[in-house]
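First chain written, first letter: the chains are A, B, C and D, and each begins at residue 1.
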Amino acid sequence: MKVGIIGATGYGGLELIRFLHNHPEVQQIELFTSSDEGAIFSSKFGHLLTIQDTPLQKIDIETLAHLDVVFTSTPSGVTSTLLPPLVGVGPKIIDLSGDYRLKDLEVFEKWYNKQPAPKQLVKQSVYGLTEWNERNIQLAHLVANPGCYPTAVLLSILPLIKEGLIDPNYLVIDAKSGVSGAGNKLSQTTHYSEMNENFSIYKVNEHQHIPEIEQAIELFADVKTTITFNTHLVPMTRGILATTYAPVINGVSNEQLTECLMETYKDHPFVRVVSSGTSIGTSRVKGSNYCDILVKLDERTNRATIVSVIDNLVKGAAGQAIQNMNVQFHMPQTFGLDVIPLFI
Amino acid sequence: MKVGIIGATGYGGLELIRFLHNHPEVQQIELFTSSDEGAIFSSKFGHLLTIQDTPLQKIDIETLAHLDVVFTSTPSGVTSTLLPPLVGVGPKIIDLSGDYRLKDLEVFEKWYNKQPAPKQLVKQSVYGLTEWNERNIQLAHLVANPGCYPTAVLLSILPLIKEGLIDPNYLVIDAKSGVSGAGNKLSQTTHYSEMNENFSIYKVNEHQHIPEIEQAIELFADVKTTITFNTHLVPMTRGILATTYAPVINGVSNEQLTECLMETYKDHPFVRVVSSGTSIGTSRVKGSNYCDILVKLDERTNRATIVSVIDNLVKGAAGQAIQNMNVQFHMPQTFGLDVIPLFI
Amino acid sequence: MKVGIIGATGYGGLELIRFLHNHPEVQQIELFTSSDEGAIFSSKFGHLLTIQDTPLQKIDIETLAHLDVVFTSTPSGVTSTLLPPLVGVGPKIIDLSGDYRLKDLEVFEKWYNKQPAPKQLVKQSVYGLTEWNERNIQLAHLVANPGCYPTAVLLSILPLIKEGLIDPNYLVIDAKSGVSGAGNKLSQTTHYSEMNENFSIYKVNEHQHIPEIEQAIELFADVKTTITFNTHLVPMTRGILATTYAPVINGVSNEQLTECLMETYKDHPFVRVVSSGTSIGTSRVKGSNYCDILVKLDERTNRATIVSVIDNLVKGAAGQAIQNMNVQFHMPQTFGLDVIPLFI
Amino acid sequence: MKVGIIGATGYGGLELIRFLHNHPEVQQIELFTSSDEGAIFSSKFGHLLTIQDTPLQKIDIETLAHLDVVFTSTPSGVTSTLLPPLVGVGPKIIDLSGDYRLKDLEVFEKWYNKQPAPKQLVKQSVYGLTEWNERNIQLAHLVANPGCYPTAVLLSILPLIKEGLIDPNYLVIDAKSGVSGAGNKLSQTTHYSEMNENFSIYKVNEHQHIPEIEQAIELFADVKTTITFNTHLVPMTRGILATTYAPVINGVSNEQLTECLMETYKDHPFVRVVSSGTSIGTSRVKGSNYCDILVKLDERTNRATIVSVIDNLVKGAAGQAIQNMNVQFHMPQTFGLDVIPLFI
């Protein structure tokens, strides 16, 4: 297979290269950029010296058309205009940006404050939450790869909502992310001296992943709801931990909650349910495509605490994108992704 | 004034020394320990070389009786037996451990899994949430200094509950702490390589600060409630950020929420209400006794997001303890504590 | 005293504010800037809310002329043109930038790649290594505050060179600094995700502090030498540790080395010699004006390992600047600076 | 191939599992321990859930004898008595501890302060610095895998010493390591709150890797020398950066130094020479088996600054051990190790 990456110089792009390098069916990786055309990639990213010494190429539809799959890993607002000429001319497309996720264009405009992508294309795009949308992903020309927070949140709560074990009308989701989620764009917030030793909440009540989560709850669990969702920045590079609080339907036990998750994911290699203990952290998935989930019923309040951890750059971005590529091409989902988390 | 510190080798003890060193009324600081008697303090803690070159003393009631105030900064379960002979014989006592906070001894035993302190003494002890209990603290012989999490949480939600602006029956409190809150006792969890780059939830639904918060809500806002409360470890040393979610009483506006907090704390030097912006982090209070609070109404859900930040070792421990001492001795609350946060 | 700070929005400026706030003789702090005139300072730096709610002022010679002392904490190349009209018209000036440190203007141009300050002014300026230049600082109108690395290095090696205990002809100095030394200017290097978990060497053999160290060795120890000096970035915010290697003059013992340092600094409150142990780290001086030094003779090679630690923003910048102000105004050196290191 | 790991619960052991999992010729990994026999491995290390759910086995010579290769990743002083009955009975052995590295048993005793391994076995053991000892490793029954610091240092300086470009009589080596090098054993030094934001030097002039480096310089470059070597702890988990200073032989140019390194390693996939720039950091090799080297001549002093970076747990331990296994079994050196560094 020949693979192209548009936006290779971002952290999502770098992770795509890292995993595709060990994919058994990928023979060729081509890197595209809107600037810095011709630059040798490893001269910009020293860790790829001797590994990716090829030049960055100009984004050109004809060149891209000859590839089997194209990943777009660009900031929001870029692929809405970049992709229309490319869809249907050859390669399968997996878009890691937010441009094709929200079906309601007005909602997109409101939360992203950007021009939406063409309606027709947004309509065709398939939401790439792999474990929940495999059938549609197989047939998709354009996959809208989920956001990092929605991935962590949805994998942990969808089974419980769908099976009617928790009340979806009072979901409080408190999410925390490592700084790499903010990408490589410079800002005072992500300046080392100001981010280090500083845990903060940001965009209080206003994160653009709110409508994405609500839309997916409706799509996969057939429930319309309005969620409370907030995001925090953790002084570390990788990892998301999402803590969701939900009232439990009367009579549901802790065992039923755990069992529901285990049953849902028993044939899915990348979702692991933790069935014991009272602690879980991001290091157990670091550098890998796993999503680990712990649920605990608080009998004092009859509310459940549902916790999930992912590596935001892997299951929350590049890893899930490759998992989707594997699905589209009828390969095992683990191809290229069967790596053990770093832990430390 | 002559001051004694029992448990000076812990992080709370070290912070007491740091602030008392610059207290205008403190002439003498004596350090006590249950082990390592006679050791020169600065030989154990190099940062105190030339500053605290005195030896650690044996804990002895007669010696302690001659002091004006004694701070006890020991693990839970120590002062329950250590303090009874000392109360009433001379010094004012400020206990930074959890032993005298919970008025219901059965509740203490259940959550701490330890023998409680004598009933009579627990009854006399005054809960040292300075801004809310000043009158009683002035008269107290024994102050039970609040826990770090309860301090951050209570200061931010008590005004809103007391004024009836939020519904106290569905409080979800998601708290995050730097690692110093775990003290200097070694554990695999706090081993550098395993804590670093690892954000985790711990003691899910089981943290011993739950009953302390519930008791204080009843004490200060006259409301009995059962809260959802969870705690997370952040890979950084200092700081707590607590995010509380609560339904807002119909018709209450964002301005009313902020105004209520500002009004409550207008004469309190260490609580600062942030009236604009959508972000707040722990670095703005690092190393200082401030508690900063931000509240935002989410109009989509009619729920409030209430965020507070403190330095867990200062406002959450040693700083508030000294603030309480200042109150007990009718000194300005800022004595010894008027330092600017480090920020970076 | 009335104090002005030009460049208050940088990290050096913020530290000046932090310490001057507790200086017993400073009544007023005025903040000046070349941009953002009129902005309320605490709206830019939330940690100063209720503490420094004054507006930033335009840099104006007449206004500055009425102050007692002016600190300039600007990037290199600014005060070379900013200061000439201000020197001699009233306030004592302490310049924290590199513009007035190097007496040889050609050397300045070569290492800084900038236009030098006026020759006459450079000549008058006094190098503010407090412990070594007290007499001249007392009389100075313009103090050139030393660089962070030179401060750490010089305090540790000058006594040994001056007393002839080490051979100054083969000095190898390997220095390591926290990231705050790079200031608040954004760069890819200091972007959190790329700086975190990344220890690096930078400007190999080319750091502009090389000629400053060589000049000071000649000035204070009367020895002309050419040093090897390199600098590394540590993924932490504060602290410098400098490791110097030097051949020891035949027959000199470990005790003599330590004794020489102790004798030199016995009356200097901010330099502490560590006389035992085989380990020393930056946390023992964090947030404080101390410089701690450890020396160990390696008998296998007859070379000494000389280690010093400072907080780069304090003893390496703002702290030493205030110490110099104290000297200029005949106050105790510890005024405003008598704080205990944070340690954690 | 069937592979055994003794000491699987240490960080070196965990990294062996991480890489062997993707080794194309390894079918089976057995884990052995001296304690906790029978425990399911993933119940101790959650990141291995569903991946390594096998029990820890008792260390038993008969069981081990049936394996193809045994890695021992234990603290110093264990394999000196553990290995003698195992050598020669079947499996190739690769020892990651220091017990078989030093040929002179008196030197071992002096620096390790432990009983040495049997003389005969130490004599047979082959020093596993792969790039420099391939021929002997192919034939070895017992490989003494190099220490982390010696690996980083030797790969960077051996070519220059062997080719006579630098003077080996005044080598000053200043090395810095992430904390994982200290292993998973708890200590106050590696307690998160005390290690975080603290850069320190330790074991000044006394590190046990000194004689290992000197022995290897003699073995591979045929030069007897006494080095200056010191080690520092960096507040990060992974990575070593070693900075070596050496006088350059008269007339040698910067190009010759770089060229010598490039020529030496041109056929070695894991050593990369950086030929331009003035900066290099550990993140460029994080999680991988690469060793990257930069050399710069300082023309002012005619001394060279030689910098190398490795991941201490990979090229400095588990990665090099697997590379040695590959050599012993005549497989490509990259088997199981062909992964791209994480960079962030």
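Methods note: a residue touches a chain if its C-beta (ideal position, glycine included) is under 8 Å from a C-beta of that chain, and two chains touch if they have at least 3 such contacts.
These numbers come from a predicted model, not from an experiment.
Trainee: Find the pair in B-D, B-C or C-D that has over half of its contact pairs, by residue number, in common with A-B.
Mentor: C-D
Trainee: Go through A-D and C-D and name the pair with more C-beta contacts between its chains.
Mentor: If we tally the C-beta pairs in contact for A-D and C-D, the bigger total goes to C-D.
Trainee: So how far apart, in whole Å, are chain A and chain D when each is placed at the average of its C-alpha atoms?
Mentor: Chain A and chain D have C-alpha centres separated by 36 Å.
Trainee: Starting from the mean Cα coordinates of chain A and chain C, work out the distance between those two points in Å.
Mentor: So the centre of chain A lies 46 Å away from the centre of chain C.
Trainee: Between chain C and chain D, what distance separates the C-alpha centroids? Give it in angstrom.
Mentor: One centre to the other, that is 38 Å.
Trainee: For chain B, what residues touch not just one other chain but two or more?
Mentor: 11, 180, 193-194, 196-197, 235-238, 280, 283, 286, 344
Trainee: Please name which positions on chain B make contact with chain C in the complex.
Mentor: 11, 14, 17-18, 21-22, 45-51, 180, 197, 237-238, 269, 272, 274, 277, 280, 283-288, 292, 313, 338-344
Trainee: Quick one: which bits of chain A touch chain C in the complex? Just the residue numbers, please.
Mentor: Touch residues, chain A against chain C: 11, 179-180, 182, 184, 186-188, 190-197, 235-237.
Trainee: Under the touch definition given earlier, write down the residues of chain A that touch chain B in their complex.
Mentor: Residue positions touching the partner: 170, 172, 174, 176, 178, 189, 193-194, 196-206, 226-228, 230, 232-239, 241, 243, 245, 278-283, 286, 294, 296-298, 300-301, 303, 305, 307, 344.
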